[in-house]
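What follows is a set of structures for review.
Shared between the two complexes below is chain A, which has chain B as its partner in the first and chain C in the second.
The block that comes next holds the complex of A and B.
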């Protein structure tokens, strides 16, 4: 691996071997190159780049992209300096990758052809496809290895055992998580692969998960997608247009504790296996009663349109609540959770089949929040206890990560944590 | 499951509950409904439908879509009549799905809400996204169960063991394969899921594989994509524009034997795991020597452009062949394989990580051909013996399937086989 100060991004749209024009990465010591001609036009392009730098990390409120590659890493080095060096290299690479650039030359480090290519190459020619890379630090990073124990935020709790949890330790935890989202899976895979490669000898992939078909919207400009139960998912999700609510519910505020987390957010990731074959044998009426919405329209039961306000007090002629007491949308609603909301940006997954001829399918749930103690944990505690949907789902993987605030030019992922 | 004669396709673009307009499926007994207003405009749409009926099955020479869901099924019924009934139901459903329709009502079979929805619903609102569904029959279907032993084509051989094969029986074989290709993974997953569901009690999924980032083009209108080694793949693939070559190399001709296969093709599917972490540590020069092409340009070594003709006789100043004798493009080239070519339409895959922190990544190889005895088998025998690339790949799954000719209105998948 070359010294990161020499890493030059190559436009994937240009020819290999073109002069090594690179975006400014902002990291001290990195050469800032002029932006390639034609680059500006990408910003307005649906395939274009999402700005990497800013007060918050991209990939949280960013309008949800269509594809996911999520990776959790174990840190294998025990040296704090090596970890910091890696985070600097990763930050520089992430700035290039999200700009739609490869992370370096093809073997030009020690002369043409004599070294491995710096970039693995499978994204050459592909546009940025709105790639975002979002980092988070898991509770285990704050053990004795790196002197970070005193920096662990109180909100970065170990998640409790919820009723019904059936967690696979090999799909849970992780010292560091990187969420790659893009409209092109090859771009997302390329990013995670190259970060893993840069980290060789310092981190190892603990688990990774591909996803498709975003199961939430984070912008009113997006339609509401459907999950693998066939229902619209995320109708009442937090949206990037609701700036005030984001401050209340998503972004860690100064004074929340752990000042290095200001402007950041806490991510809870849950691999939720869906028993879709069993669900598919359930009647439409039962499905709609369990969810609390119409399957076709997505409207709350008793209403006509997806975005009609939910009337939890409405009753049928028989006196029963139109939105049943144990329906998912009631139990998960902020009205019954002390106002707690989550910014969800999960993905559907199908990882082939299991040994019993069933699709290994489900929802890779990703939720960002200001404080899991007040948001995910109480909501999930209630859902795990009473949600009828539990007959059709199992939580089989789990992680919690502290995602710091945004990277400003000149800083790197986690700089305030290690300061 | 309702009687297939009552299955009515629902436009995914319309409202649920709209009058059950359906395309004509061609199967006797199916109601032919008028095409919905606005339907015609889809044909010219990149998100539009690919015609299901025709002299050949769609999904073979069809310009390769971006996503794959491939499923191999074991037939669990022992009754020939039940298998035929299933193939009829599948054909009708496939005609609807590829037209961008759901396969039935939402619970309207026994009155609203009292039955499970006929369609699982997750593709509601999504366009056809060029979905194709292609069926093939494996050697095991021709055992004693269904009276088909006498119909087994001589060309549908059991593949021999190739040097280096490390096949997982749980990812190999299968009585029936269905290849779903679409530009939208949710559409492809929805199709396989609903076919599996229709088949409940008669077939069970043996294995399934998702793929992304097509690794070949089948049309000159498509650019050449890159595989996970970072190289352009499929530059010299057979193309749909080469009608004469397709007759010679892809389509089974009358007189080839097994008349029910005329107009069909033989599919070889191989799950090829790539050791990408090891490959990534190989020098650029070594990578290019192994493949025989430049990594950036995709040009044959010694040439400038991807589509420059390969000059296998050209020598470097030191007298060595510019395209090394053990390079992949030489060993796989028709010039050194008695003219044998393959129509490849494989996909990249990443199925998370293995237990050693490596990405479970590779190429799901799909190749169509007129006779595997003259095409895939001799080519792969040579490659398995001498290709330097074998240090970086392992074949871990394998299947061979006889894919019959196209479905004409009024017929069903495999009708000539069961006639």
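The block that comes next holds the complex of A and C.
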């Protein structure tokens, strides 16, 4: 997006009036036109926009929105210039979408009657709703098709098989991933739908995943939400306030290898099916010892408050560890993983039922990190081996993506990769 | 396989004074029944004749001979099919003794030719002084003793049948090995929560291919299952067969001396149904042989054995729950009975609609079973 004027697009909130519609929407009129590149106004308004441009991509440390639509794409064109052209078009559209505007010159309803609308229209009247769009490139993009083999970062490894993995190839992998997060589900879906449409002939959706409730907080201003096991999840997550830790654990640093990734981050996505029916028949005491936290407070076992420090050495009267040796919070804790942490921003999902009378429910796990070889892989290896929670979950989808640094006005998603 | 934690705390090393002992007595002639000696039981494929059906309270001996062509089992059940004593795996032409302590009351004596179904049932009356009123703590203690007898008998049969399976694999007898595979697993699946409480043995014995970590060798039942059904061969399987028997013997030795508490019985009963719901109904467990329904039945039988052991205590505390358990166990067995074929089950190649039906009855049973632990824990 080189031309700030182009980014004005058509305001969804102002659209009806501008088009001369007879019925006013009753919306107070979101001041969309004030949101131009460079104007920081994010998060002040719960329905407002999150700045698309910046040193890092939005949607990573951004305070986690309530809803997710995640899509993985296969690149169907074999021409590098077509792929680059698509990324430029996507970037332009993403800037408009995240600002709460229709895409295209005419938007959803102002174009010629003979032409299909440029924007699909279901977000007309809706606010930006803190939409973020975050792109990542999968290992398969770095094959021979586009001459990128030499640019594949060493950290963008193929994930190993973890014990118990039951991966569906149709829900795994992908050349490109786009994570759309918003506080309004329709805004997130609208974004993915329109990007997919722009991509026809060059990319095709490989799989997509809706998430209806955040399972982590990435800001101390947010409360800790609950996952579908009913437990608070992400209490000890990395938070956007921890600037030093983000540099150590989340953002790829110059010199980490693959210079085009500096300022970026590696995303691991895992579709984790939960056997919620089985879990629900498990006693409260066992649920709590499996997790290592109280279900009500979220406090580590033996403590009173959610944010009390975890005392892994504490013992019960019978000499057993208060936080059991095979509890989830112990096995996943940085103290037992060489200091490795993850920035998690996963979502609950229920994709209908599974045909066997059970809900197809679980957690779509999304974690950002500086180097999966030192973070997700060793942590998950340990969890897969010994976490009692494995009785109640299985991993059915998997992807890893290199998410480059942020987009500055005039540049496009992945520009440094294709430079 | 799974990695359940409920039973991990089970302490090992205490040898139980078993109230029921089984002994092989092949060469002993049948005693004439003078009303005081052993009760002789003549089992065939279609009959279960006892020399008398009245015994005195205290220790009784049942001398069971199998004149049929199928392997049989003999049980003495109290109300609700609570196992008072049993002998497993009585082959054609064999004779085994069941020595069991029976208080005054009404019982069922049951032969199970082919080791399946409700069996051939007859009444057994135990007369004598009225049993002393026992308090609930005693009932719970009796529950664990009763269930430990069950575990012991299953463990003995597990070792015997796994030995036969392993012998068939090593002899290259594919057909025999295939026939013995689901039979030997039956005893494993009945006591799985106990067996898998012994740490690393469960993955070695029962891991499915995707349960194995890269760099670790895949061993156990399912490793051999894959060769038998996918390649129709036992080539290269001898070492896995040997290892399986070593591992099973280790489990059996530990299972025979495991000491359990009533809460572990209740949780074990629930976990067995979790196993059915997650592994068996989906067909993941026996993905090459499709013998999942054998495992399904065995898991439910094992669950029922633990619940029945707790039954007298449960009856005192929550009779409505006992009634719900009885109804739902019946419903599950009825649902799986539809798939019987010969002495076993049809291959588990069923439609999603059929899987859903099985899932529904298991869910219906698992809910009341999951309530047992809290009732047992109540003071």
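Just so we're on the same page, the second predicted complex is superposed on the first by the 375 of 419 C-alpha atoms of A that agree within 3 Å, B and C clash if a C-alpha of one lies under 4 Å from a C-alpha of the other, contacts with A are read in each partner's own complex, and residues count from 1 in each chain.
Keep in mind that, in the parts below, contacts are C-beta pairs under 8 Å (C-beta built on N, C-alpha and C of every residue); 3 or more make two chains touch, one makes a residue touch a chain.
Remember, predicted model here, so these are calculated numbers, not experimental data.
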Between chain B (first) and chain C (second), which, if any, makes contact with A:116: first, second, both or neither?
first
Going by the contact rule set out at the top, does A:308 touch chain B (first), chain C (second), both, or neither?
neither
Touching A:256, do we find chain B (first), chain C (second), both, or neither?
neither
Between chain C and chain B, which one touches more residues of chain A when both complexes sit on the common chain A?
B
Taking the superposition on A as described, I'd like to know which of chain B and chain C A:357 touches: first, second, both or neither.
both
For A:290, using the defined touch cut-off, is the partner it touches chain B, chain C, both, or neither? Pick first, second, both or neither.
second
Which of chain B and chain C A:391 touches, first, second, both or neither:
second
Is A:230 contacted by the first partner chain B, the second partner chain C, both or neither?
first
Between chain B (first) and chain C (second), which does A:277 come into contact with in this model arrangement: first, second, both, or neither?
both
Which of chain B and chain C A:124 touches, first, second, both or neither:
first
Could you pull out which residues of chain A sit against chain B in one structure and against chain C in the other?
277, 281-283, 355, 357-358
Report the residues of chain B in contact with chain A in the complex, numbered from low to high.
15-17, 67, 69, 71, 74, 106-107, 112-117, 119-125, 170, 185-186, 189, 192-193, 196-197, 200, 204-210, 212-213, 223, 226-231, 276-277, 280-285, 287-288, 295-297, 348, 350-353, 355, 357-359, 361
So in the complex, which bits of chain A are touching chain C?
160-166, 275, 277-278, 281-283, 286, 289-290, 324, 326, 355-358, 381, 384-386, 388, 390-391
Which residues of chain C touch chain A once you look at their complex with the stated criterion?
2-6, 210-214, 267, 270, 274, 277-278, 281-282, 284, 352, 355-356, 359-360, 363, 366-367, 369-370, 373-374
